[in-house]
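Below, each structure is written out as structure tokens.
Next, two complexes with subunit A in common: one pairs it with subunit B, the other with subunit C.
This part shows the complex of A and B:
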């Protein structure tokens, strides 16, 4: 498997403040990655370093096997779509697409035009007159139609409604199936994208918290609900990531796979078991109460 | 969004089970072609690599086989094999749980057998 991005002990500091600390990971060719984490965790900083918009303070960073800075061989193979993209005031949508067509060697004009229709965009309108959602749609179209070997979407859908987001997911999956490429998707809407991701990297406080295949995270955690004393006894000795109690009832989320026999045993004691979704798992792991519990996951 | 996947289990296993269900129900007859992984990915809105993993699981079990350059097909005898496997799972998942719950409620095995017959009569 080819390595598209290799990050080794990457650091980024601003004065005495460390925002990225000893981060190492690899992005492999033609997979869809989710780069997840809370606001301020360092996701955008990492993406800015990969795309050569920020210098690391320390560590190694290679994209397509080379240093990305002022390196045209690397930069023409990347498409980076970010939430806060600024456009010159006089630009119309058509101008943005023309420039994208010049910039990206794999640009597919037919696909771009089909997407403009799908997202119902007024191509002649000036960028500064567009709604927030329309601006996001333009970014998504550029990101998809550029078919760049490394495509990065950083919270690409501010202002987009559920219908438009769904359209983005559908088009991305369809086009990815026909034209495989490496995609990094950073988002807070984890539940919406979790089925599309092949691999998940979770950043918390500037460090890597999780780096795992998305499918293997399913069924990794369960919430047990039942009478407090029973649940407490059942959860004893297990990796507890979250607990809540109301009246005589208690809910405890624990890490670990359960065998069919273990499930039956729990259910026989009057405990109800519910799987923890990827989003809930990340909320529990990054809410600051479970330090040190994550090592068990790997 | 595609049809909902269960959060508690890996998607590739759920994809394999959906294909198995279709073979058992007769929707995918033996020696017929199975949809491509990209078709599964787009229908269920999942990652194509995950869909491929589900399909390959059934290839490993001899339920599906690959015709070079054409695609995946249902093997002869696949339905029979799957039904045998599902019968074992049925015992594990339903019968044991039912007997357990019956015991909790003080239902004897004789009463339980009667109830099963009565349930059959309501079909």
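This part shows the complex of A and C:
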């Protein structure tokens, strides 16, 4: 596997405030990554450093095997779409897309035009006059049509309705199938994208909390629902990440794989087992109460 | 494609900021002068100084354009060097083209003896004895200087954000205050004006290397600027 991004003990500090602390991970070629975490966890900062828009305070960072800073060999192979992107006031949508067409070597004009139609964008309208959702659509079109070998989407769909979000997922997957590339997707809507992700990296408080294949995460945790006493007894000695009691019923989420025998045994006791969704798992992991349990996951 | 050319093409899309607005402003000022000239029947010599508007405008344009396009260009993965080079080239080209147009106006003004109504808008009083080439040079060098002055101030903001602006303007204020005080205290104001009157050509000549210094400083700051 080719390593597209290699990050080794990356740090970012602002004065005495540490935003990113000793973060290390690698991004491999032609996979879809999810970079997840709460607001202010440091996701955007990391992506800004990968694209050389911010400078690391320490550590190593290589993209396509080279330093990205002022390096056109690296920069021309990346496309970074972020929610906070600013556009010149006087530019129309058409201007932005034409400039993107000039600057991205793999730009596909036909694809861009099709996307403009799909998202129903008024190309003659000024960027300043666009709604939040339309602004997001412009970013998505640039990100998809640029076909950059490393495409990074940071909260790309603020203000987009469910139909448009679905359209984005569909087009991204279709185009990814035809033109494989590496995609990093950072989002809060984990449930919506969880089926798409092949690898998940979770950041919390500037540190890596989780870095695993999505498939192996899906069976990582279970929620047991049943009579309170039974569930409590069953969960004893297991790694509890969440519990909730309603009346005489209780649900307890535990980490770890269960063997078939263990499952049968639980079901015989009247306990119902459901897998914990990626979103729930991450909510559990980053909600503050369970911080530091990462090691147990591995 | 060449990324620097891409940056220039990006600027070229904003023809209003770069070309139309400055010329609308300067031609409006010119029209006002002509009207007054017409009303006075050409009996008075009119030297309004309205021409300065275009030079002040390019300073402002440079400030604004950098603030608007730098975050955008970086967002499209443009190198800082390409942004700097492309934007500088655009500033120099626009200055050169403007200088040529100003010279044409200046020659027409000379031939028509102040447009028939004694209006001296494009020729400043001291320019009578200066060859067309010299005038072209003056227009060009002043404009390039103003462009990079705007650029370097905008770069301070890009690199050091609000703190940088604050320190810069505080320092400028202190420097000006001290200079003003010193000139008054030592009774040097008249000498200063006298010096300007005798050495204005030197000032134009010096604007060229000063503009280069601004450009180098700008690049040094832009290189380390973040979003």
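The rule is short, and it goes like this: the second predicted complex is superposed on the first by the 298 of 298 C-alpha atoms of A that agree within 3 Å, B and C clash if a C-alpha of one lies under 4 Å from a C-alpha of the other, contacts with A are read in each partner's own complex, and residues count from 1 in each chain.
Assume a residue touches a chain if its C-beta (ideal position, glycine included) is under 8 Å from a C-beta of that chain, and two chains touch if they have at least 3 such contacts.
Because the structure is predicted, anything quoted here is derived from the model rather than measured.
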item: Three-chain arrangement built on subunit A, subunit B and subunit C clash or fit; value: fit
item: Contacts of A:130 with subunit B and subunit C, given as first, second, both or neither; value: neither
item: Angle, in degrees and to the nearest 10, that opens at subunit A between the C-alpha centres of subunit B and subunit C; value: 150
item: Touching partner for A:177 - first (subunit B), second (subunit C), both, neither; value: first
item: Touched partner set for A:285, first subunit B, second subunit C, both or neither; value: neither
item: Touching partner for A:61 - first (subunit B), second (subunit C), both, neither; value: neither
item: Which of subunit B and subunit C A:100 touches, first, second, both or neither; value: second
item: Contacts of A:198 with subunit B and subunit C, given as first, second, both or neither; value: first
item: Which of subunit B and subunit C A:4 touches, first, second, both or neither; value: neither
item: CA minimum distance (subunit B, subunit C), superposed complexes, angstrom; value: 27
item: Subunit A positions touched by subunit B in one structure and by subunit C in the second; value: none
item: Complex contact set, residues of subunit B against subunit A; value: 1-2, 5-12, 38, 41-42, 44-50, 53, 92-93, 96-97, 100, 104
item: Of subunit A, residues touching subunit C in the complex; value: 48, 51, 53-55, 70-72, 75-76, 78-80, 82, 85-91, 95, 98-100, 102-105, 142
item: Partner subunit A, residues of subunit C touching it in the complex; value: 1, 3, 6, 9-10, 13-14, 16-17, 68-69, 71-72, 74-82, 223-224, 226-227
item: Touching residues (chain side subunit A, partner subunit B) in the complex; value: 31-32, 166, 169-170, 173-174, 176-178, 180, 192, 195-198, 214-216, 218-219, 222, 260, 264, 267-268, 274-278
